[in-house]
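Below is one structure, written out as structure tokens; the observations come after it.
Labels run A, B, C and D following the written order; every chain starts at residue 1.
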Amino acid sequence: MRRPALAFVYPLSALAAVVLGVVDLQVLLSGGEAAIHLPIGLPTIGFHLRQDTLSAFFGVVINGGVVAASLYGMGFDRAKELTPRVEPLFPLFAAAMNLVLIADDAYAFLFSWELMSLASWALVVARHTDPECRRAAHLYLVMAAIGTVALLFAFGGLAGPAGGYAFDTVRAHPPQPMVAALVLMAALVGCGSKGGLIPLHAWLPLAHPAAPSHVSALMSGVMTKVAIYGFVRIAFDLLGPPDWWWALPPIVLGAMTAVLGLLYAVLDRDLKRVLAYSTIENVGLIFVALGLALAFRANAQHAAAAVAMAAALLHVLNHSWFKSLLFLGAGAILHATGRRDLDGLGGLIHRMPRTAAFFLVGALAISALPPLNGFVSEWLLFQAVIAAPALPQAALHFASPAIGAMLALAAALAAACFVRVYGTAFLGRPRSAEAAGAHDVPLVQQAAMGGLAFLCILGGLMGSVLATALAPVLDKLVGGALPGPGSGPTPFSLIAFDPARSIYDAPVIALFVAIASLTSLIVVHRLSARRTRRGPAWDCGFPDPSPATQYTASSFAQPLRRVYGAAAFAAQETVVMPPPGDIRPARFSVVVVDHLWRAFYVAPGRMVIGLSERLNVLQFLTIRRYLVLMFVTLVILLSIAAVTT
Amino acid sequence: MIHAYQLVVLIPYAAALIFVAVPGYRVGAAANVVVSAATFAAGLWLVVGERSVGDYAIVDEFNIVFIAINTLVGFTTALFSASYIGHEIETGRLSPSFVRFYHAMFQAMMGSMNVALIANNIGVMWVGLELATLITVVMVGLYRTPQAIEAAWKYFILASVGISLAFFGTILIYLAGQPALGEGVPAMTWSLLQAAAARMDPAILDLAFIFLLIGYGTKVGLAPLHAWLPDAHAEGPTPISAVLSGLLLNVALYALLRFKMLVAGQPAALDPGPVMVVMGLVSLIFAAFMLYQRRDIKRLFAYSSIEHMGLIVFAFGMGGPLANFAGLLHMAMHSLTKSGIFFAVGHIAQAKGTQRIAEIRGLSVTHPRLAVVFALAVLAICGLPPFGVFTSEFLILTTTFAREPWLALLPAFGLLIGFGALLMRLQDTMFGEPVGPAHHVNASSVPMMLHLLLVLAAGIFLPPVLVAWFQRAAELLG
Amino acid sequence: MSQAYEISHLLAGVMLVTSFALLYQERVAAVLNAFAAQSITLALAVAWAAWSDNRPDLFITALIALTLKGIVIPVALHRTVARLGIHREVEKVVGVGAALMVGLALTGLAQALVLKVATGMASHAREDLALALAIILLGFLMMIVRRNAVTQVVGFMSMENGLILAATGARGMPLVVEVSVAFSVLISLFVFAVFVFRIRERFDTVDLEALDRMRGDGR
Amino acid sequence: MTRDLVVQFLAQGAQMAFVLLIAPLAVGVVRRVKARLMRRQGPPLLQAYLDLAKLLRKESVIAESASWLFRSAPYLIFALTWVAAALVPSFASGLMFNWAADVVALVALLGAARALLALAGMDVGTSFGGIGSSREMMIATLAEPAMMLIVLTLAIAAGTTRLAGVADFFIAEPFGVRVSLALSLISLVIVALAENARIPVDNPATHLELTMVHEAMVVEYSGRHLALIEAASHLKLVLYLSLLICLFAPFGMAPATAGLSGWAIGLAAWIAKLLAGAVLLGVWEVSIAKMRVFRLPDFVGVAFVFGFIAILLAFLTRGVFA
């Protein structure tokens, strides 16, 4: 019994998202503002909603993701999937995200923020029979609550004792430095926990994969952007002129998150969890960019601040595109093979050609390789880091090389991670029967992925056009702007400071690569014999090379684990050899210790349960002992009264 | 000319006398609902009507908030108890003889609570509150199971000690008021006492407030004095748990706040704020930790009541117009949501035949409609939007952070710990493969839905009339 | 007139002494006798206050105190102890010496608290209040330092005696009589419950087949 | 104006042609030097050209499980490397193409080529491809941070990341011995060795499963595809050599505005320096043995450490600190 009434949910939400996206785009390009004041919400203050360029930009990002996810949702086979528990919540989740963007007072912001968490929790727990999903959902909503409490403190600090919650009253009188510092830390915890900053990240790789694929695409690709919007709104808009040291926590935490996120991703064998970890990495990169923008703005270096902020915003846009694409791809694989573990896939490129092609575009884009869109924001980020040594403060000054090195390491690890994912999932020979029997997903789901892939390519080539489109937002946030398209040799060259200093001309590079490969193709075909023959691959002469001889995901990660695992996760490999003459096979085992999970999640959890066990004794006391409690309280209060004059 | 406040008291007491004579359960239940509806109507008339201060009765901005909540929740509880007790009799857990005086006691309890709220005389208020308490002691023992009797016995002893301490506090207030207001009734009248607060002796006021805090604090269920509350909720019939959590705790809090106003009137006396803040925080954090070990679903929500009363006392302890307003709002939201939860829990216990959380699984599969209402109510009590509890917790935490940034960490910590436990239990009961029996229950969803809708409405839109009324009450609190 | 205060002050002092006597006793019967003495002294104090302030209604309270708590309840408890075979000596949580020390501390605390009252109350009223407060605290202490049920009921009743003393000290306070009647009903409920549920040993269990096992929220 | 544009275009075309033509020669010189130092006759200098010609004529055998990626990768890898090589100023700085990308984009282009090669290696579905790809990506994670530090040092010194800009700066700057640049030179040499899979990191001549990295990925290629892959790796070697020349030994390189004569001198100087570099590489490869794979972090770590010290020194000397 599938209620037909819900069948229209995905098309309608796709349509609504398109309309909203267009409105946002129009507001972004025209730089206009629209504000409404509704009488609902907090009694004296009401519910303020405002659409300015910043929320318009994020609106475009979010509604783009919602369109793709809805398109993908339409492809679901409504008989099999869990439609009654997912479909009513999907539009609520998308609406809550849009509401967060246009909220213009603390109550409206947190109201829609928490609604967003609630809706996504319900979606994560849709597959409630799986205990893993339930545990992930529980950790997710508890972490979301911690984030909300942190944001409550942030807005409490901004609003002051008088309770001026509307954003324009907050902008009218920014808090004193001490309170501003507390507010920034609270905002970092609140938005960082939703985005997945270390050490508040552990819920993300559990919750995102547990949700249905198009929902995890929304959560990873889009919800983390709402978290970043929250931080940008508080740090750049509401808090007033920044101090230089505000930049340190986002930069340090962001860089660590980027590197550690990828180390987790490289060592993980579950496809969707790898994508969730790489979301953490990209959020880390964005926070580094935001930190640099804060530092440059504090030192009034507006050009550099504009470059850093452009890097952050463009990476928000690019990440929402290629991460949604990759998650939809993962959903397609899950749909086709029913398996999520990389070691069980392989050879899907032959069986799912179109999904493989789109996934390849996504994988190359996320590894920040030219000419795709991931490289545009990565290039801007590197330019910002290269400009960092010009900062006067010693801490930032000496941090810039370390940050530069960590970002480069993150870029290389991302490439390694996604070569591993694509190699084990799509290339080589199928490692399981399900992988061998896979078939491609329905057309509309391919269209969703295709659209996103096209956007990734377009974003890569038209990087400079997107950068100039950001001008109104950049001017509002950091007061600077990127040099316009006219100043470069060609209209599409992306320039950081000025053409002589640094330039990246995506279309010209792409054009030359295309010309070069075409000429080589023609020349080679003219000169060479065009005969090709299919033959068995050389596998050291084994009679029937079974798929098991291929490199699996964990074996691909072995060198990286050996180099980085020892430091980050105290990884040890132990090989147990049987005594000589014993025919039992040798045992190879790897122990990877996740320090962060143990320190920040297992330890507090055990402490709370331990304390509650000790306190539980108070439930089983005798009545006399309860009277003793009452008596002691009475005597304590009486002695306090007696002592104080 | 009959005044509204007289009606609010006379209707329940008269009904109580009549119900003693009514043997049948069916007729009693229906009559109970009608009488409660009448009391609710009288309550509304009181709220709308003009304020008045008589010798023995007072109607001001502050206490009509409580009367409105009491009469409303009383009415919905009567509705719920009609179907609940009916089902209990059918399944044989309650024999008609046990339930003989149930409705009489129900109305007597409602009447005494209204007396306590209306009384302008601190002695009459004490009598009203203690009468209501003793009636609930008897109702907790209704099931006559060993645990129920043990719970009632514990409740009886702790309440008696609380009663005597509160009475001593009342005597002290009389002694403090005597030099300014002369002997006899005037020295026990709220309005006069409040006016003469500045002329009272600070030392006696401090001593009195301590005894009153311990005496009435036991009824509010603050941490060291809470021992009776979990067992009374768990072993008593669910309508009584709803009444306990929804109403009786509030009436005791009303008494405490009246005396706080009185003591606050005398600047030389010890400021009651910090004491209430400390006891509120202790209750909040202690109850939050205790939630993790609970195996019985009603005991779980009893501890959640202690947690929320702790938060409310914390809010009133902080003082100031915004915090007081938030405290009043939270109290209203808590009593509506918690009684709604107990209605749902009652039906769940009947549907699954047990109150042990371990044996309640997969409600969303077996009873979808009941499960959704229960889940929404629990998410509301956890302080998630779009419900009213989120609004009040939002106000409490932001104002506390604005005034004392480091202090705000403690209530937030307590709420988060509590949230973790409640969510864990909610997921245990709602999801997973269904376990054990799944009897059909003709759940009377009207009370549950009504409460949920009211809380939802408060979360989204607080009518200005209500806001102005709460703000005037908040000013009175100082 | 001061002579009238002297006597009421004397009677209150005697009651305080009986409170200490309650803590001192080793055997349950002796505890009951001490309590009977306290109740009778209370009756005298209330009667004296009624006579000296010519408040006739207080005579009812005095009468109740004398008959119910002075005679009926102690005798009933004596018979319960005998019939139910409750063992003779008092089970102590805290030794007699320690209990008396704490009692003294509490009395000191009561004095300190009440003496801080500067204005408003006449000096003699302050002393009466201090004594009443001490008796209440000692009654409460009696409830928590002795294990067996009968002594705890006695503790509660002696606390209630302190209350009535304080109430009579508050000149012209209405409701005193009604409250003393309510309290006596409460106490008889206590004693009645001890009879019906045959609480022999622990105050905590309603002794129906040793209820301890069936705690509600079992471990 | 158009005549100047045509000349620019021709110069850029010439530069790309020269780079392509001289690459096999450089590799031939390296092999020849190694052989002679090992007292062997060694292959003729033009052997690399002959190999490429032979491979073009031979039949291309493709594994059964290989997909379109395997067949299209060589063309893309060759094109990416060729464009990257065109970006590096060889005989003249400031050629037309140099306005298209800076050194960060250059590194990324090489990264793209590497990723495609690794994917092609995995596509075949044998353990060789897996060994090669996983080790190649691991080496890349070691080399990229060091490369970033070199770029950062140059940016601090020259104030730009465009290679032509850096070259112009070093041509104009009186060639003082600056310790920070010396350290980044050593660092760049080590990174070049790692990237081109030369001796200490990987043995280009070996086919032993356990040790080969680059060869393992291309073990399945044959015929014209192998020719393209070989050409790409030769190009990459020339790219790194001319990068070293342009950054650290730019004397003789013609400035942007120089006429034909300037370019001729530049070309001669560039070829001479290139061959000298090849000889030095040959000598280096004979004098050191290949390291075990998991000793590489320490070896490439040296490049990272030198890079970091270079930056710290750059801060001091440039007084950016003030």
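By definition in this document, a residue touches a chain if its C-beta (ideal position, glycine included) is under 8 Å from a C-beta of that chain, and two chains touch if they have at least 3 such contacts.
Since this is a predicted model, take the numbers as computed values, not measurements.
Q: Please flag the chain sitting at the greatest distance from chain A, going by CA centroids.
A: Chain centre farthest from chain A's centre: C.
Q: Centroid from C-alpha atoms only, then distance chain A to chain D, rounded to Å. What do you get?
A: Whole-Å distance between the two chain centres: 34.
Q: Could you work out how far the Cα centre of chain C sits from that of chain D, in whole Å?
A: 99
Q: Find the geometric centre of each of chain A and chain C from their Cα atoms only, then give the gap between the two centres in Å, rounded to an integer.
A: Centre separation, chain A to chain C: 69 Å.
Q: Using Cα averages as centroids, what's the distance between chain B and chain D in whole Å?
A: Chain B and chain D have C-alpha centres separated by 78 Å.
Q: Which positions in chain B touch two or more other chains at once?
A: Within chain B, residues 153, 157, 161, 165, 207, 230 contact more than one other chain.
Q: Can you list the chain C residues in contact with two or more other chains?
A: Counting only residues that touch two or more other chains, chain C contributes 113, 116, 140, 143, 203, 215, 217.
Q: List, in ascending order, every residue of chain D touching at least 2 other chains.
A: In chain D, no residue touches two or more other chains.
Q: For each chain, which other chains does it touch, given as pairs?
A: A-B, A-C, A-D, B-C
Q: Can you check the complex and tell me which residues of chain C touch chain A?
A: Going by the criterion above, the answer is residues 93, 106, 109, 112-113, 116, 137, 140-141, 143-144, 147, 152, 202-204, 215, 217, 219.
Q: Taking the touch rule as given, give the residues of chain A at its contact with chain D in the complex, in rising order.
A: 346-347, 349-350, 356, 360, 364, 367-370, 375, 378-379, 382-383, 385-386, 389-390, 394, 397-398, 400-401, 404-409, 411-413, 415-416, 419-420, 422-424, 427-429, 488-489, 493, 499-505, 508-509, 512-514, 516-517, 520-521, 524, 527-529, 531-540, 545, 547, 549-551, 555-560, 562-564
Q: Touching residues of chain A toward chain B in the complex: what are they?
A: Touching chain B from chain A are residues 39-44, 106-107, 110-112, 114-115, 118, 125, 128-129, 131, 134, 137-138, 141-142, 145-146, 149, 152-153, 155-157, 159-161, 163, 165, 179, 182, 608-609, 611-613, 615-616, 618-619, 621, 623, 626-627, 629-630, 632-634, 637-638, 641, 644.
Q: For chain B, which residues are in contact with chain A within the complex?
A: 153-154, 157-158, 161-162, 165, 206-207, 210-211, 213-214, 218, 224-225, 227-228, 230, 270, 275, 286, 289-293, 320, 322, 325, 364, 379, 382, 384-386, 390-391, 394-395, 397-403, 405, 408, 412, 415-417, 419-421, 423-424, 427, 430-433, 460-462, 464, 467, 471
Q: For a test of understanding, state which residues of chain A touch chain C in their complex under the given definition.
A: Interface residues on chain A, with respect to chain C: 619-620, 622-624, 627-628, 631, 634-635, 638-639, 641-642.
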